[in-house]
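Right, I'll just put the structure down here and ask away after.
Chains here go by letter, A, B, C, D and E, matching the order in which they are written, and residues are numbered from 1 within each.
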Amino acid sequence: MLDVQDLQKIYTGRHRNVEALRNLTFHIAEGELVCLVGPSGCGKTTLLKCMAGLLAPTRGEVRLDGRPVAGPPPGMAVVFQEYGRSLFAWMNVRDNVALPLRRKKLGKARERELVDHALEVVGLSDAHEAYPWQLSGGMQQRVAIARAVAYEPKVLLMDEPFAAVDAQTRAELEDLIRKLWHELGVTVLFVTHDIDEAVYLGQRTLILSKSPTVVQEDLTIDLPDERDQLHTRSSPRFAELRAHVYEQIQRAKHHSGDTAPDPVIADRTIEPVLQKTES
Amino acid sequence: MLDVQDLQKIYTGRHRNVEALRNLTFHIAEGELVCLVGPSGCGKTTLLKCMAGLLAPTRGEVRLDGRPVAGPPPGMAVVFQEYGRSLFAWMNVRDNVALPLRRKKLGKARERELVDHALEVVGLSDAHEAYPWQLSGGMQQRVAIARAVAYEPKVLLMDEPFAAVDAQTRAELEDLIRKLWHELGVTVLFVTHDIDEAVYLGQRTLILSKSPTVVQEDLTIDLPDERDQLHTRSSPRFAELRAHVYEQIQRAKHHSGDTAPDPVIADRTIEPVLQKTES
Amino acid sequence: MTSPGLTPVLAEPAGTDSGPGGASARRGPVPVAVLRGLAGLAGLVAVLEVLPHTSLVSADYLPPASETVRTLGTLLAEPTFWTALGDTLTGWGLGLAVAVVAGVAAGVVIGSVPVLRAVTASTIEFLRPIPSVALIPVAVLLYGTDLRSKLLLVVYASFWQVIVQVLAGMQDVDPVAEDTARSYLLGTWGRVRHVLWPTALPYVMTGVRLAATVALILTITAELVIGAPGLGHEIAVAQVSGAVPEVYALVLVTGLLGVAVNLAARAVERRALHWHQSVRREVTA
Amino acid sequence: MTALSVLRRGLLVLGLPAVLFAVWWFATAGSADFYFPPLSTILDSFGKVWTGERLLSDVVPSLLRLAAGYLLAVVVGVGLGLVVGMRRAVRDVLEPVLELFRAIPPPVLIPVIMLFAGIGDTMKVLVIVSGCMWPILLNTVEGVRAVDEVLGDTCRSYGITGVARLRHLVLRAASPQIVTGMRQALSIGIILMVISEMFAASNGLGFTIVQFQRSFAIPEMWSGVLLLGILGFLLSLLFRFAENRALAWYHGLRRAQRNP
Amino acid sequence: AGCGSSSSSSGASASSGGGKTTEVKVGIIPIVDVAPLYLGDKKGFFSSRGIKLKMESAQGGAAIIPGVVSGQFQFGFSNTTSLMLAQTKGVPVKSVVNGAASNGKIGADVTGVAVKKDSSIKSAKDLAGQTVAVNTLQNIGDTTVRESVRKAGGDPSKVKFVEIPFDQMPAALDGGQVDAAWMGEPATTIAKGQGARVIASPFAETDPKLTVATYFTSAKVMQENPDLVKKFSEAMAESLTYASEHPDEARQILTSYTKISGDVLDKLILPSWPAEVDMASLEKLAALGEEDGIFGDKKPDLNALFS
């Protein structure tokens, strides 16, 4: 469904040209849940924006259902990393969530229902009258998530959406995303810095190298589909995968499109690896 | 050194009054490194702002070295949760970091040295000419950290400073903070949502209840002072503390100043607890 | 999912929620502001009262405030004054309304279409500095002393004030907010209405405040020069007759109109921009 | 490539004015109306009137007054705006008084200014200031009030106060809006330059235009109006140039995520 | 509110000129000189001829002449130099009846050059090298002041003129911003009240019968509605005569359209209001204008303009 072909993005500035993405090629099938990790500044946000049709790539292209993405395609929701700035200060929480629904013309009642439900699942039922600037960072971020959830998108791009929420809420939101994904068959691309999350959440994890960025590894997460915070996370396979991703991320800090022209690997690492925490 | 006495903060708005902090009392000794965790929206940022003298509490007071804090005291640096908005869009990275140093009148050379060093330790030596809006989220956050580091404060308040950086960088920055703390004897209050971090980093962890907020627990981290990402994190004591904090945070989501008027406990939980991940 | 801490506190109505340094503004912000404003005006009156008694200027040409106010009192008793005031307010109100509506509409259209913006920029810069006074003969030629000739001048002058502010405001939109709107496919109209317009609103408010006084000034000037009925005409007659206190009394009236306009604008702003940094800081904190 | 983009820009800048001039040209082509002479006549007199010594004797003095008045207005407007914008109490006290003055039309204000400043250039400069100041003042006040609170907190916590705060935070953060005010003020300045020269003047662009108008030299008068427009346009180009340098960060930021 | 009836309807009824009452708009400056118009209106000289007057008072010719030319007003009031100037530039105007004239009294004419009480300027001769305020440059004021200087034996080319509205002149004179000021009424009376001395009376010194201002109309009205022009001229002539004969009534009528009152009203000097223009004085005025070059290289055609 989502095809990224040879994507390159160079930011040109007055004194500073940055090749954020060197050469990215990967494919996300319909209904997949893919996590994206990579060093800070490697171009994850840039990639997401290109995929959302918000940024024109320097070279290469993104295709959605076979059609090149030139502008934001319908049925796609994005949760931005800069959650605070992506909320409209002049609207209260409810309106912020309801706004994208307006043009769907679902009728007042259905719209209300969707908004209420979305706010409830992110734990903000009490705050629907508040304005974004009256909320804490984590609450703002959850409003942005609620907006995407209420929108019922076919494709969901999330850029570090749980960075500002506490561990408990984070776990709940992770399960929420998996539930949505199951129920609605959404295609999800999820950027995160949390390795546990990257392993726990998806079916695949894409690991990017540092900038100029290439895909360093395309890892299939072979955990059972039925996941659960307590048991999945304590399974040996989880620990193995986790350790592997951790190692790859450490490697990514030194590896880039310049240093190693190795082919993109789509393997599944099997050997057990060192664990981060011991029980 | 830092005394929080009976602190209450109520935000009054047009339609919405929120009692963010109910009744907080705790003490941070000179040279301590204290972590602060609590559910999203419980008032951590509010507390930090009150301690930094940026917000007047509704009741109670904050004392620094015995003197009530009325405005921002000298020698204190704050890293804000909204890192993006706390950078000056009209200054490049270097100037952003150098600005607070100016009034210290350290001389050009020393200033330069401090800035270069700070940028280097956060991994941004390459980007010193860039403007904040040309940086990724994690890079922006690291600029804010570099600014605080270069300032060489006596008290350092950090509000989820590593939320936007990758795991590897995060680990490095954690060690950086511990190093600074050791070398310069800074007093640090560190807000985080990452439980591992909360345990790994400090000497004490304050756990706040949900709002209206009280101190739910004041936990001493009895790990050896010499810490190291690999070994500390794999020690059994770490796992115990980690599990305890995790449990407390889950409790905090239901516990508040309203539900349970239990006294503030300053205990150290000794019994082994359930582990989140199994190795 | 459990609800996080959000406990509305209803018991405590008047908080002391002000930042250190921004004290006590909370306890009835309106009366305090009004009192301060009156203090400012009183200061001005005092200066104007004392000035003519100094050697700086003779009371023949700048009458003391007390005399101006006394003259104003007699003016207020005359029905002609009220007709003139009515005429001025009509011209001003209509002209301002037309200018604001046209300025906002044109500004929004031009501001939301980059090509239009590029194409019209030079023309706008060319037309703006053409003084309305140079248009007086044209206005008289077309409409005589009719209300319309007043309107022509008023609209021409205040239109630019609005459009320039609208254009600048629309440019100020946060790229992230803009991206958000685009990714949720808000469409041109949706983006204008929900993103660009609220962003521009603070600028527009300033534009309207500027335009309101420019419109007032042009209304009076048109009346003064062309002789269309209104306060300006009264001023002209008083000037020609050498009735200095009358002139100042009338000028005072125009000044007070300006103050009233500003009060109204501030009231609107408190409502329409309650979410904006500038207002929320002062109202809440 | 670059030649093409220059051409494109030229077309964008000059396209619409060219069309408008063409419309004007044809609409007035055979005009017998005394007050609306054909554009050809106006252009004709433009060449005659504004090329010779008038350039030195009228245009230059006007421009000097304009420059002086405008710069003074910027200083006063920004200075006062900073004070008024940063202190709620000051704003409450001063705003009604300022609004009162703002609403007084220049033609009745000029006599008062004349009482204090005489009839020379000082008076004319002050008249320009008295009108130019307001957009700058109002925009500065609003820009200062809108400074991001996180940035404000950042400065306070790092002890960046006083002049440093003004210079590094307040002025810079408010600069997009201040610049908007200055842009407004530029054209108002030109207008007031004309108005001020209607009183007690013996040279100047405004004086000349008014004299033409009074002596029924209508094509010459229109040519003066045309010159004012051209002047405004040229000054705005100059302004744009300066703005692009001063607000490079702002334009960069605003363009940051737009497609090229 | 606003201006009441729209100009188009009144314009139409005026030009149709039927037997009924026609509304006629006259562009005037609210000064002493137009008192006969108001007085005549009050006395019914106009309504008896089916003319309903509506005065449109403007600040000066800049607004009146375009108004008349475009048909917004049917008649206008203007000083004679301005009319000559307009004619030489091809503005289609035609004077229809006398307006006001110098009263011929040197030292007590309608306009005068005033200086401060303690000024060293004693006569028009001393004006050379001084700054003199006039209300409009290149117009009747400076040409006649130059004539006074010339007659008094001074060098008129050495006089510096600046433009200041009449009402600002007393203040400008008092503040020392100008050395002398050529003022009209009521400024002269006000200045005298503050101690100023009148040292010259340029109108009377140019010609004791100088025709200062007339009422005019546009060529279009002249052609399309000669009947209206005729009636207006007759009514105006009658008003002028009446005003000349009843100066006190003329003085009193000022209170209806100006704010002159009290002492000033009583002391005010009135012009003379003959019913006919004085061609000889106009020729002199035209010659002065030519000499000062205000008509460019053209010559006003006085016969076409004033008869």
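The definition used in the following text is that contacts are C-beta pairs under 8 Å (C-beta built on N, C-alpha and C of every residue); 3 or more make two chains touch, one makes a residue touch a chain.
Note that the coordinates shown come from a computational prediction; the quantities given were computed from them, not determined experimentally.
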Partner chains shared by chain B and chain C (touch criterion as defined above): A, D
Rotation angle (°) superposing Cα atoms of chain A on chain B, nearest 5: 180
Contact-richer chain pair (by C-beta pairs counted) among A-C and C-E: C-E
Centroid distance [mean C-alpha coordinates] between chain E and chain C, Å: 39
Between chain A and chain D, centroid-to-centroid distance (C-alpha), Å: 49
Whole-Å gap between the CA centroids of chain D and chain E: 38
For chain B paired with chain E, centre-to-centre distance based on mean C-alpha positions, whole Å: 83
Shared interface positions of chain C, touching two or more other chains: 2, 4, 6, 8, 61, 137-138, 141, 176, 179, 224-225, 239, 276
Chain A, residues touching no fewer than two other chains: 13, 49, 54, 82, 85, 139, 169
Shared-contact residues (touching 2 or more other chains) in chain E: 60, 62, 66, 69-70, 165, 167, 171
Chain E residues within the chain D interface of the complex: 60-62, 65-66, 69-70, 82, 85-86, 89-92, 133, 136-139, 160-165, 167-168, 171-172, 175, 177-178, 294
Interface residues, chain A side, partner chain C - complex: 49, 52-54, 71-72, 74, 76-78, 80, 82, 85-91, 99-100, 102-103, 120-127, 131, 133, 139, 147, 151, 169, 172, 176
Contact footprint of chain B on chain A as seen in their complex: 11, 13, 15-16, 18, 37-46, 81-82, 84-85, 129-130, 134-139, 142, 160, 163-170, 193-196, 233-236, 238-239, 242, 246, 249-250, 252-253, 275-279
Chain E residues touching chain C - in the complex, by the definition given at the top: 1-3, 6-7, 25, 27, 29-31, 56-60, 62-63, 66-67, 69-70, 72-73, 165-167, 170-171, 174, 186-187, 190, 194, 257-261, 264
Contacting residues of chain C [partner chain E, same complex]: 58, 60-61, 83, 86-87, 90-91, 136-138, 140-147, 150, 224-229, 233, 236-243, 246
